[in-house]
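Chain nomenclature is as follows: A, B, C and D, assigned in order of appearance, with residue numbering initiated at 1 for each chain independently.
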Amino acid sequence: MSAGHAGKPKTWRHWLYVNLHPPARHRRGLSPLNRLVVLVILLAVGLAILQSEPKLYVGNEGLFRAAEIVLAIIFLAEYAARIWIAGENPDYGPSIAGRLRYALTLPALVDLVVLVSLFVTLVGSEGVVLRLVRLIRIITLAKLGRYSSALNAIGSAIHSRRYELMMSLVIAGILLLVSSTLLYMIEGEGQPDDFGSIPRAMWWSIATLTTVGYGDAVPHTVIGRILAGFTAVTGIGLIAMPTGILAAAFSDALQRQREEREARARNREDR
Amino acid sequence: MSAGHAGKPKTWRHWLYVNLHPPARHRRGLSPLNRLVVLVILLAVGLAILQSEPKLYVGNEGLFRAAEIVLAIIFLAEYAARIWIAGENPDYGPSIAGRLRYALTLPALVDLVVLVSLFVTLVGSEGVVLRLVRLIRIITLAKLGRYSSALNAIGSAIHSRRYELMMSLVIAGILLLVSSTLLYMIEGEGQPDDFGSIPRAMWWSIATLTTVGYGDAVPHTVIGRILAGFTAVTGIGLIAMPTGILAAAFSDALQRQREEREARARNREDR
Amino acid sequence: MSAGHAGKPKTWRHWLYVNLHPPARHRRGLSPLNRLVVLVILLAVGLAILQSEPKLYVGNEGLFRAAEIVLAIIFLAEYAARIWIAGENPDYGPSIAGRLRYALTLPALVDLVVLVSLFVTLVGSEGVVLRLVRLIRIITLAKLGRYSSALNAIGSAIHSRRYELMMSLVIAGILLLVSSTLLYMIEGEGQPDDFGSIPRAMWWSIATLTTVGYGDAVPHTVIGRILAGFTAVTGIGLIAMPTGILAAAFSDALQRQREEREARARNREDR
Amino acid sequence: MSAGHAGKPKTWRHWLYVNLHPPARHRRGLSPLNRLVVLVILLAVGLAILQSEPKLYVGNEGLFRAAEIVLAIIFLAEYAARIWIAGENPDYGPSIAGRLRYALTLPALVDLVVLVSLFVTLVGSEGVVLRLVRLIRIITLAKLGRYSSALNAIGSAIHSRRYELMMSLVIAGILLLVSSTLLYMIEGEGQPDDFGSIPRAMWWSIATLTTVGYGDAVPHTVIGRILAGFTAVTGIGLIAMPTGILAAAFSDALQRQREEREARARNREDR
């Protein structure tokens, strides 16, 4: 991947390139600098979360503002650094055109959106969502290392069984419709607020099928409770189905890995 | 399946046949026309759901009525088209007798029931269930394509382990009975409304065993709570059992697929 | 098993023996007579359940009494029949000593206990538990047929992983202790009724760890809620662990079955 | 492990060594003496739990104090015995230096901490946590025997899939953040107490994602309930993911065991 960049980094720009751009690193895992970047992003997200709580925010506006400015400067510096080091990347090259090409890649655009969101919130608008956009930044960093292979494993397992998983969702949808229609017909008159229409009964039904069971809407009649019992039992099936599908998918992936390893070992023996 | 129908559709009827009758299509997946039909069915179901909500229905009766009429006409047109194109189907043939034979197949009868239900609800009766009957229509379309093989995979996995799954249900039933009897004996006197008889205690018991936990009925005594704790832990076992059974069944199916593929590959090598 | 009893049943006693004693039957499944016995037992259990509900019982005492008497007579007749047909069973023989030996086997003793419980409740005592003892009867019948092999499969899967499953329980117990101690220390002062001691906090903890979540006891402080969040996440782990263990055990059993079948097939080919 | 210690124990010290130090025992499982120690520890933990309940403690202070003193003496005796028998252990030797080396091993230090905690609580401070520290003692005993191999199996399964499991946690964290932000924006104004900030909405979100569903905070608006429904369905995915990963890991471990056994059997045949 980075075969041409072996040896010690020679210039500041090269050092930055190796430490900010994960594929340019020869060792596994994130570089200390990128770990710092992840930490700053998490801090920014944490700040956005805490800022939404009036008990913390009111009275500490100055503090939060100061922290925001510091974070904005760090993100700006990182963005500038990434544009600068794009010159070290053989994919883009040191020309301005190459850097512009880098600036138009998805990770760079995400960085830009995050940066803009930071300055927009600094100017005054109270966009929480904008603040949380920073979280997307982690994705541009999380693409490499051990975790990414774990994420790939999960993703490919889900992908290989996507039709079965979607089918479970469709079955869940049908059960949701059937149970909420039945409860609407049975409990609708007695409890018009909670079961007075199918959409209302759906709120109860989804809480029951997913075994969440808030308990704010609950059938009162005997038949309603019997049907609710069946719905709850069905809910266990709805948990069991995707879990079983995923378990089989993960098992299959592990099995295939083992067999490939064995096949390779056998090939070596045969020679 | 449709070997004799290769090449471009020549007539309108043939075009309709290829686009409405999934097995006559040479490509995988639903045709655009059938996708439209699925969409119309989902719209009709959505309409039936929304219609049950007084806040939406009262004041918009005319709008809902108009939508119902439009849907009824579309379903009628689709039914007529399907009868018409039965002539293209080598299984039935273009004669009236052939079309009648088609009209008596299960999918066609389901279509008819849905159609009748539509006109019955149009005339005025408020049957929500009748309205939702349209959902069954999807089954007649969903029978093909990738999703149907996923549904088959789920179905055959459940079927191959049906005795174990039913046994889990029986064990669940016994646990339901035991826990509700115990709670009835312990909490019955203190809370006659919620635990005053075994059937009443069953409502609490099923909510606990399925880990739904509405919280509307809850034991108050120390012994009752200890028993409730055991019931809740047992509930986890009741989730784990069917999930484990299904996971093993899905794994087994995947394993068999892989071995069949390998066996075929080995056979080819041997030749 | 019943090699000496082939051919048509010749006497009434033999007919009864073949139809009441499952191993004496040449076909799989329960005989129609034994199905009837199961049905009567289920009816008796259902009666005991309904009888506990005052709304049903008060006013219908006579009806329930009559049904109880009928059931008692049927169970008495079945018990007598089983003693009588023990003479056909080569394990016991037609002598009185043989029948006495049968009467002292576990299934026969269970039958006797059930019978005695029936007559005791008839005389007047209101023992619900005694009434439900009848359920145990099903076990003496359920020992054979397809379901019993499914039950064996579940049982042997659980048995093969019993140390891992018990270890999950031990881990669950430690988590229960840790979380209830922490919540007691944090929420104890503010909510003495729900968190004022470790045993009290355990009620909340078990409802959270099993994801039942009644909602009758809930932490109010910020730290309490953070700890409750961790407890709830841990609860998912406590569901995942036994489920994963059981899934692996079931998979392993299926895998072994398949390999045995293949080994047998290979042996046949080698000859 | 204890090859040099075969035959009958000759001295009291040797007898104690064999019965208190699990690896010195030739048979599997815990010795009767160690079983007693485990029982005493469990009693001490149980006592600490019950002591926290005012209804039990107030009025019985003397009784609890007496029990504590008895337990303290037993633990002291056990600690002294373990230091004494360290002389039998070839790893440490009978010299004072050897015993000191034993006293500085982790299990011995844990024992000391537990002992100190016991005497500190005896003197009067009300530290519940100190009292529960005794639970850690079990770990020093539980390190051997069948259960430890089960614990190892669970531990190594979790360890082998640690990146996937941590990835599930990260995905759960992102979903927690997204759902609580959305609900905060939608329900925040209507229910400032429960959804007035992201951290507040997180309490609802974690109860929903883990399917605990206390029901103390529940969305009231239509959009809020639709989003809550999606959150609950996502929660099922969050249960399915780690369960599937663990199931595959356990399956893989069992499979590898079987293959190793088969490989060994084949090797024996080849000779």
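The rule we apply is simple: a contact is a pair of C-beta atoms (placed from the backbone, for glycine too) under 8 Å apart; a residue touches a chain by one contact, two chains touch by 3 or more.
Every value quoted in this text rests on a predicted model; they were computed, and no experiment measured them.
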Exercise. Among the remaining chains, which ones contact both chain C and chain D?
Worked result: A, B
Exercise. Same residues or different residues: which describes how chain A and chain D meet, taking over half shared numbers as same?
Worked result: different
For this session: Determine the centre-to-centre distance between chain A and chain C, using the mean Cα coordinates as centres, and give it in whole Å.
Result: 43
Exercise. Quick one: chain B and chain C, Cα centre-to-centre, how many Å?
Worked result: 31
Problem set entry | Junction residues of chain A, two or more chains touched | 199, 207, 211-215, 239, 243-245, 247-249, 251, 255
For this session: Using the touch rule from the top, collect the residues of chain D that touch chain A in their complex.
Result: 163-164, 166-168, 170-171, 174, 177-178, 181, 184-185, 196-200, 207-208, 211-215, 218, 222, 225, 228-229, 232-233, 235-237, 239-241, 243-245, 247-249, 251-252, 255-256
Exercise. If you look only at chain C, which of its residues touch chain B in the complex?
Worked result: 45, 48-50, 52-55, 128-129, 132, 135, 146-147, 149-151, 153-154, 157, 169, 172, 199, 202-203, 206-207, 210-216, 238-239, 242-251, 253-255, 258
Problem set entry | Parts of chain B lying in touch with chain D, wherever the complex brings them together | 211-215, 243-244, 247, 251
